[in-house]
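So that you can tell them apart, the chains are marked A, B, C and D in the order they are listed, and the count of residues begins at 1 in each.
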Amino acid sequence: MTTVLDRSKAHSESDVQQWLRMYRQMLMIRLFEEQVNDLYTRALMPGLAHLYTGQEAVAVGICEALRLDDYITSTHRGHGHCLAKGAQLGAMFAELLGKEAGYCKGKGGSMHIADPDTGNLGANAIVGGSAGIATGAAFSAKRLNTGQVAVCFFGDGAMGQGLLYEVMNMAALWTLPVIYVCENNLYNEYTHNSETLAGDMLTRAVGFGVPGERIDGQEVRKVYATAKTMVARVRAGAGPAFLVCDTYRFHGHHVGDINREYYRSKQEEQQWKTERDPVKLMLDWLTTEKVANRAQLDQIQNEVKAEVEKAVQFAMAAPYPAVDRVAQDVYA
Amino acid sequence: MTLGEAVREALAEEMRRDSRVFICGEDIAEAGTVFKVLTGLVDEFGKERVLDTPISEAGFTGIAVGAAMTGMRPVVDIMFGDFSTLVMDQMVNQAAKVRYMSGGKCKVPMVMRATLGASRRSAAQHSQSLHAWFAHIPGLKVVLPSTPYDAKGLMKTAIRDDNPVVFFEDKMMYKLKGPVPAEDYTIPFGVADIKRVGTDITIIATSSMVQVALDAAKMLEEFDISAEVIDPRTVWPLDEKTLIESAKKTSRVIVVDEGYERYGVTAEIASVIAEGAFFSLEAPVKRIGAMHVPIPFSPPLEDATIPTERQVFGAAKALCG
Amino acid sequence: MTLGEAVREALAEEMRRDSRVFICGEDIAEAGTVFKVLTGLVDEFGKERVLDTPISEAGFTGIAVGAAMTGMRPVVDIMFGDFSTLVMDQMVNQAAKVRYMSGGKCKVPMVMRATLGASRRSAAQHSQSLHAWFAHIPGLKVVLPSTPYDAKGLMKTAIRDDNPVVFFEDKMMYKLKGPVPAEDYTIPFGVADIKRVGTDITIIATSSMVQVALDAAKMLEEFDISAEVIDPRTVWPLDEKTLIESAKKTSRVIVVDEGYERYGVTAEIASVIAEGAFFSLEAPVKRIGAMHVPIPFSPPLEDATIPTERQVFGAAKALCG
Amino acid sequence: MTTVLDRSKAHSESDVQQWLRMYRQMLMIRLFEEQVNDLYTRALMPGLAHLYTGQEAVAVGICEALRLDDYITSTHRGHGHCLAKGAQLGAMFAELLGKEAGYCKGKGGSMHIADPDTGNLGANAIVGGSAGIATGAAFSAKRLNTGQVAVCFFGDGAMGQGLLYEVMNMAALWTLPVIYVCENNLYNEYTHNSETLAGDMLTRAVGFGVPGERIDGQEVRKVYATAKTMVARVRAGAGPAFLVCDTYRFHGHHVGDINREYYRSKQEEQQWKTERDPVKLMLDWLTTEKVANRAQLDQIQNEVKAEVEKAVQFAMAAPYPAVDRVAQDVYA
């Protein structure tokens, strides 16, 4: 015990708080997704879900560098972004189950969770579809002089959508405070991106006047550190930036994508899971660096587990919206 | 005041009233748009609020959606309605659905202005009237003014509306003159306007077809046929009640719209009437829209594709004969 | 054979017959599409003819247009019909108009396959049926099969057609089984199919709504109401004659389509009937389409937006009552 | 006279033929456009036209490097491309006047001239709209193994269209024989491209795996030489290429764009017209190099003038299509 205290003294209290917060957030996303998978497998969840498992360090590292009122836009694989930006577990689960208590009163579902209170302008089921929205949010921030920045999360597959380049160009022309974050998990659904991406991602952005960086997306502290600098620069008025985070999704493209050896090998998956698991990497580092001891880490784990379970129960018990709600919310 | 001036005035007044309103599009600042509709706005409001964009319709429409969701009130200028093909994802999958998908948490107060109409010898990619596409989509409102007065009042309503509104201006009508009061006024959506009262036949017409209908009505007068001309002004929301009442009164109806006739606006309105005035109609509702061909360049051919007063007159005479 | 298999067989046979035919789209090769409709094709035809693309719908559709103009016969796979928002310019301003604009010099023999239909709990951006947009555009043909037999025969016709054809497959129907002959056959466009003969009421239905109509017809039988069910199979060209004749015979008509009801397919068909069978109709043509709301995710809500056999049954009973 | 013969001996006969051909082609485009402007001014032409005057060296230099069966796609400013690829003057004028004898039977007009016999897949009134078509033509050429290449002409304004980047990516992935030629005349209609283009054009293409070059587009021999090398490389299977030609349109955006000082100065226009006129530059060079003497050059000029005049007369006298033709050619 003394050793732990000794070592942790090397770290500032606020650093420790931040590391543990990032760890907790990653863990929360991980356990959330496990529950989602479980609900789906037990046929308790309508539709589909695209699990974020394996990519937690990206959402958490980046959102840690953001203010609560900074904007994000998210994707079909969006649970991680929502939670990292501050969404509550109960309303998340409720939305996935189509319940009235969900973030979108059940109308959006897994692919459309929006939570303006935490700056989340919504997940988007159109690949690349939110690039305009994020850039527009940055436009508002600049015009209204709020100091906010906007982060647009998207997958490597979205690099195929022309819209992205159209808005990058305008973001650069108009020096908008927007960061385009590409979560490069190597696959567009069932197709490796070596089949879909020519040239070079960073060069593309540079061509449109948007400077970029490419980093290991599995190390949450690295993601955070990079994001922190980038966000500060963008907030200060430097114009848009681009960040490629190399990462990997541990599950299938969606919960139903079970047999996937025709597009990626078990060995590849295994390697990422054992060597590059962002939650485990952080846990190991926290342990090695003795930022926290086993008991503290266990406690976090137990707390998160309990929260997640409570949230599932809440959502399961929550009622569906009354059918007459169907015609509401079409127009403001 | 011309219709173009009315649109400009509405924009200018709303921009003065509300600093969150801005306009973006191609060649709209110093050039004031290719139709010179926005001439002078940049001088008053500056290039930050009258924003020249790259030729990136999808991109700047998407930016407008995001800006609208976060406190601004964008007006997007799509030079030719034909280019709306490029913004369908942003308008239909994003703007129109954001409010619903978010369970009412977000709103998208934006206006997409676009032109429509043929007969400028501009050929197949610069002459279409594609408003039916937007009217098909829940979450959007679709406006088609036919007079300067309506244009100004409807544009103000559009800008103040908290939903995405698609506003179609006929290119050939920008020079059309009409009275416009000096004081601030708005025109509610979903209220049709009876442009001419009549008793023998109802002609429902949109946008520039209203003038065509009025001209036909004049020709009909000489044959002692009294035509009522109604302009729905917004095709969504649609003032079914006024249209049906008139149909019940006259028992004969023609619907004229410049979009392609097939699967277009005339189909919806005709079937609303056919249902609502079923027991009053003396004859089937007659639809008149653009021919089912891409708009040709050659003048004699182009003229054959677009509804004319002569055609409306002929149809009305046949119906009343 | 299932409808999905019928589509695959049609493609495979046409690819064998004509080396210029190829397919492109997202996740179609080894993955065989997300619906597994094309499973195995890549093994027979290789990755050059079953071509995985980037997520660039506009781009690969445009490439298909150019390939079609220069000797190939592309089939484009748009995973969800909702993404057709991204290809409207290439389909509508390019593919549909190339022949006309070139005065008949060029042709565009391509097929765009897309899915439609809700009730998979896929929410607002993965559940739409946007075929009305395409039917509105001269230069395109629009196909909606409702059985495996029709799917195969119509797909072969589509591939052999020298024009751009938009082919909509209902996602929920891929598993639907039905007889399909072994020998080569095609089904001409513009020929409606009477899926069930009846005398009291005509139900015109498209795509998956045909099954809904047939189920409703069965329920009506118990009430001694004999319903005729007709599937236009292609909404453009539209077999007006067959639809009108049936309407004249039964004097009561319901039109069911899964697209949004407003300004949608039901409007065109209803007004074609209202005009063509005007003097025979006992009651207004009843339209049943999707509710005027974005498709919601929540199961009880989604179920409320899409036409059901119960709804069709109820409407039919009311009409015949 | 002797001097001329002496000097021309330094040039091979085939070079001389080629230079004179390029000169003649440029002159033909120039005189064609003058007639178009005249027809418009005299209210004899329906609609509008976007004159190519000032950019002739681009179309001519590039098309000189192409086979007759190579493909091109063109733009709203397309007359030069059509003529350079081999279109006949009479059918061109007839189309502009909406006559049955036109390339598209009057149905297309100035912005839609297509002439498959010379590989011209059509002008396009959607900015950037033909990028897919050109890439698709290259796809066919590769699949059908014809050895053809496709050239996609577009303006600097088209760099704003996402479609261009989507197809560049696929052209690179699939090594298609297509050349994207950007005619950078500095303006998108009435807006200078410094307001619309961030980053760098060549870098953009490189980002999508498409190598490029940027050249002076006023020197037809330079354009030709560059195109020749590029076409050979692309035809040999090297994959797509990008070429930016810096140029200038001497007239307004279209024939009706008369007062344009609000977006570009008379001085700028004057400078280009006097110092960078591609026809004059070539004429001067031909003269200085003594490739041809004044009499020969005058003869070319007179011949072209006569051809153009004859073609206008033909087109003016030609009949409009019968109205019942309106419903033809919708479907094949």
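The working rule: contacts are C-beta pairs under 8 Å (C-beta built on N, C-alpha and C of every residue); 3 or more make two chains touch, one makes a residue touch a chain.
Not measured: the values here are computed from a predicted model.
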Longest centre-to-centre distance from chain B, chain (CA-based): A
Distance from the mean Cα position of chain B to that of chain A, given in whole angstrom: 41
Whole-Å gap between the CA centroids of chain A and chain D: 48
Separation of chain B from chain C, taking each centre as the mean of its C-alpha atoms, in whole Å: 29
Chain D, residues touching no fewer than two other chains: 104-108, 112, 124, 126, 129, 160-163, 166, 169-170, 173, 195-197, 330
Where chain B touches two or more other chains at once, by residue number: 53-54, 56, 58-59, 82-83, 89, 93, 100-101, 123-125, 138-139, 291-294, 296
Arrangement of touching chains [line / ring / star / complete / other]: complete
Residue ranges of chain C touching chain A (in the complex, touch as defined): 26-27, 29-31, 34, 52-56, 58-59, 82-83, 120-126, 291-294, 296-301, 304-305
Complex contact set, residues of chain C against chain B: 82-83, 85-86, 88-89, 92-93, 96-97, 100-101, 123-125, 130, 132-133, 135-139, 235-236, 259-260, 262-268, 270-271, 274-276, 278, 281, 283-287, 291-294, 296
In the complex, chain A residues that touch chain D: 160-166, 168-170, 172-173, 195-201, 203-210
In the complex with chain A, residue positions of chain B that touch it: 20, 22, 48, 53-54, 56, 58-72, 74, 89-90, 93-94, 98-109, 138-139, 141, 162-163
For the chain A and chain B complex, residues of the former touching the latter: 71, 73, 102-108, 112, 114-116, 121-122, 124, 126, 129-141, 143-144, 150, 162-163, 166-167, 169-170, 173, 328-332
